[in-house]
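First subunit A sits with subunit B, and in the next complex the same chain sits with subunit C.
Our next item is the complex of A and B:
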């Protein structure tokens, strides 16, 4: 019987699912994922997690809860670092422990540390360790890691060409080609688990697209561009997601094709409070692009978000109009 | 004559204005919403219909505020606009050259930065209601001061006391403490105004370039204590426009006027809408685990609008079906 690996659709899912899925399938396992976030998942997440956690971490608990009965193993790696000399938020690091404490009736848990702080190739050994728990054939594991790496490269190239990560993965989705004729392009900056989870952000991307806006996100900015822009900072940013967000923001602020910038942050997120400030200050100094900061929390009331998005789009529209005449 | 109607249905107040052909504010009605927006809109329409001159043709209607969708459907609005754009439109046309708009309403507060008549930046209060009208209302009631007398009394302060304004709950306990210590009422009231202004500037106004002319509008602008606290904190003259409490509605009416001037006919249902039987109810959809709470609005028993569903299953599917 094939072993089923459950991967929750939360946290860094949208960044690494191509790698994870290809790897597990390469060693002969079947991958099951939790569905898109919905109210039931959120409610379970709120019930199971600690109060101090941010919304995306709470939601992640809900995803584990909804996945646990459908898999033989839950894959919640201890994400320490996914880039040399940088870290991921400490809540991710403790996530497997919090899950073990609070979620009852878990199947096997794969919580091997993913730590590339010292060097990138440490990842190989870490995935080899994961593979050995499921598959006895070292050649098969090695091949699966290689294939996963190649898939990841393809995925990254597609995303950097302007596709949204949640659309760039999976066999030929119909929405593949974004419509470049749409009237304005708005950059949405934020952690992937906030901007691609339409439940958490109350369908932000869909609302923008429905209004005829072309959307680009943090992930669409190539690593090289990001690094070029963050190198102007006084001090190195050691959070990978924060560095990417700031670099992407500075890139978009200088791109003539971008008509406005939306920064999405989670309420109570430590790194966001700083990166948000860095971005907002630069946006103000540059001063010619409408800028909106949205803070997400567990309220499902749409009114606040909708009012802000509408006002922001009015601002973008008026700004474009006055630039034309 | 020809005129335009603006509706602003907020959490605390419902405002209705009547603009003449030139876009000048002729009549306005300020009502308490009392948590029931439909009767409030109808009552407002009834009142304004008595104030509007005879043989007036309403050429356009605009709706704004958190209840704008509801109000828009009831009245048949031509334009349904968010509060930011509405407030900005009104102040930029009534106070030419305005560069900053401070707006404090019942449950939210906002700042709008305008440059050359165009919104350049804005912010609304996030998860904090400290510094809004509701809180002032509540504290005035607790101190047994009429909200109308609040501002005047606070101006009599000789040395305002320092109150923590970071959070409404802590501000209240701080105030109670100061009362028990024996501080004078005007000093406490003035201290409260200063605390709210401080909180507003640190929270909503954080990092914004507040340059003059500065306009202060929204219901709270009636409070003289708040005005003078803003003047002291910003060290700038604060302009309170004549229709400060209904500026959202004025803006909505102006936007409706712009809209129909391009030749569109109005969707206004007439003042008779005040007598129609509207009923709003909600139900939980069980189509998927999202369990959306869907709101359903019916007119004389026929469903005319639905909203609140994420997928559009209900809102896109409104036929004139009868509810049994």
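Our next item is the complex of A and C:
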């Protein structure tokens, strides 16, 4: 019988699923993922977590709860660092501990630390350790890691070419490549688990696309570009997602093709309170692009979001018109 | 150059001593107050944690008194504190303040970065002098901590309400005012004042305070929790003291015989197996420690949105379930109201007293 590995569709799922899935399948396991976030998942998450946790963490609790009976192992790695000298966020570091204390009836838990703080190649040993728990054949594990790395590279290239991560994985259809000539392009900045989870952001991306807007996100900005822009900061940012957001924001602020910027953050997000401030202050100093800041939590209502998006798009439209005159 | 720094409890006593010893002009910001917090919150990011807002308010108020240089500590994450100085500086810039910023933090590339920053402040004072200044500041920190510990022990026992606090204020001002070379004398006088507080002998409840360092050390931020608990007849201990923190983080544990955070980290093991930044792991470890020491209850204090403490907060109920130790979490920010806060403290203390009485009945 093949071992089933449950991967919750939450937190860094959208960033690393190609790697994780290829790896686990490479060592002969079957991967099951939780479905897209829905009301039941959110409700369970709210019940299991403390009020003070941010929305993505609450949602992640819900995904774990919905996955625990369908898998032999649940994969919630301790995401310490996915880039040398940088962290994710304290809540990611403590997530496995929080889950163990609050979710009852867990199957096996794979919570090996993913820690590339010292150097990137430490990742190899960490995945080897994970692999050894499931598969006895070291060659197979090594091969699986190699294949996963290649898959990840392909995925990153596709995302950096402008595809959305939730579309770039798997057989992406060519007509989804955005056509930037005709319509306005809006940049959506935010953590991947907020902008690609259409339930918690109330279909933000779809609403924009339905309005005929091309959307680019933080993830579409190549690493090189990000690093070029953040090098102007007085101090290196020590959060990977924060650094990427600030770099992408500065890049978008200077790109003439971008007609507006939407910043999406979860209520009470720690890193975003700092990086969001850097971005907003820069945007205000530059001052020529409409800027919308959306804060998400479990009480976010559809009507409010829709009104704000409409107002924002009106501003984008007006700006473009006055530019044409 | 007029140097200022943010408030954190009695930190100013030791920083001021150190800088003045080195002949640097200092501007101590007015004690943190409602006005400080209002100023700070008005210009800070909404979801920034409370210490940032108070820091900002401190700097704005210090500027009115002529300060032009900020000395701040930094860090390398993942707690937000590591990026405080930079964000605060940008905000101050946008508000039109002309401050130069010197951040003391672990260097990114080479130790020379840190040394040159120290040089920026100290000018060309010999390094031996700098070290002597640091030692002087540290000794004051240690003395202040001892006085605070004495006050926390005496408050529940004092014969007349408020005597301890009067004595503490006097003792602290003696330490703060003492010059280099006269410190031993000052310490002796200060501890004598504390010893002379008349006390009753009676059994007291013991509560351990755990949580985020700033809100633990700054009475304005924690709404004077030590004093409030003391008046309710509770002996308090806190998991972090300034001198212990300095010894752990700046002297790398050079001074032996002090309680150290490594103790907490060891005891946090069953609940938290990894650091989470800030003092998250220490919070859990300290809870385990106080449980072993036979304390009656634990209160966690944290600023709203504090990430490491939220992790600890999620895990504390599990610890409480396993050990039967009552734990309460208090979250503070600019919206915290005093009476609601006091009610919760009173209820918690009542609960502990009742629990203690029931235990005695059964015994």
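Just so it is clear, the second predicted complex is superposed on the first by the 315 of 325 C-alpha atoms of A that agree within 3 Å, B and C clash if a C-alpha of one lies under 4 Å from a C-alpha of the other, contacts with A are read in each partner's own complex, and residues count from 1 in each chain.
Following the convention adopted for this analysis, a residue touches a chain if its C-beta (ideal position, glycine included) is under 8 Å from a C-beta of that chain, and two chains touch if they have at least 3 such contacts.
Computed from a prediction, not measured in an experiment: that's the story for all the values here.
Enquirer: With everything superposed onto subunit A, say whether subunit B and subunit C fit together or clash.
Expert: Taken together on subunit A, subunit C would fit alongside subunit B, as the superposition shows.
Enquirer: In this superposed model, does subunit C or subunit B come into contact with more residues of subunit A?
Expert: In the superposed model, C touches more residues of subunit A.
Enquirer: Quick one: classify A:281 as touching subunit B (first), subunit C (second), both or neither.
Expert: both
Enquirer: Looking at the overlay, what does A:157 touch: subunit B (first), subunit C (second), both, or neither?
Expert: Neither subunit B nor subunit C is touched by A:157.
Enquirer: For A:53, select first, second, both or neither according to whether it touches subunit B, subunit C, the two together, or no partner.
Expert: A:53 sits against subunit C, while subunit B stays out of touch.
Enquirer: Using the superposed model, give me the angle at subunit A's CA centre between the CA centres of subunit B and subunit C, as a multiple of 10 °.
Expert: Nearest-10 rounding gives 80 degrees.
Enquirer: Under the stated touch criterion, which partner chain does A:113 make contact with: subunit B (first), subunit C (second), both, or neither?
Expert: second
Enquirer: Once the shared chain is lined up, is A:322 touching subunit B (first), subunit C (second), both, or neither of them?
Expert: A:322: touches subunit B, not subunit C.
Enquirer: Touch check for A:203: first (subunit B), second (subunit C), both, or neither?
Expert: It touches subunit B, and subunit C stays clear.
Enquirer: Looking at A:267 after the superposition, I want to know if it touches subunit B, subunit C, both of them or none. Which is it: first, second, both, neither?
Expert: both
Enquirer: Considering only C-alpha atoms, give the closest distance between subunit B and subunit C in the superposition, rounded to the nearest Å.
Expert: Taking the overlay as described at the top, subunit B lies 5 Å from subunit C at its nearest C-alpha.
Enquirer: Residues on subunit A in contact with subunit B in one complex and with subunit C in the other?
Expert: 267, 281
Enquirer: In the complex, go through subunit A and note every residue touching subunit C.
Expert: Interface residues on subunit A, with respect to subunit C: 49-50, 52-53, 78, 80, 85-91, 93-94, 96-98, 101-102, 113, 233-239, 265, 267-274, 276-278, 281.
Enquirer: Show which residues of subunit C lie in contact with subunit A when the two form their complex.
Expert: Counting only subunit C, the residues touching subunit A are 45-49, 74, 76-80, 82-83, 85-87, 89-91, 94, 103, 108, 271-278, 280, 304-308, 310-315, 317-318, 331.
Enquirer: Which positions of subunit A touch subunit B when the two form their complex?
Expert: Counting only subunit A, the residues touching subunit B are 38-41, 199, 203, 267, 280-281, 284, 290-291, 293, 295, 297, 302-304, 306-308, 310-311, 314-315, 318-319, 322.
Enquirer: Considering only the defined contacts, which subunit B positions touch subunit A in the complex?
Expert: Interface residues on subunit B, with respect to subunit A: 66, 81-85, 116, 118-124, 126-127, 207, 209, 288-292, 308, 310.
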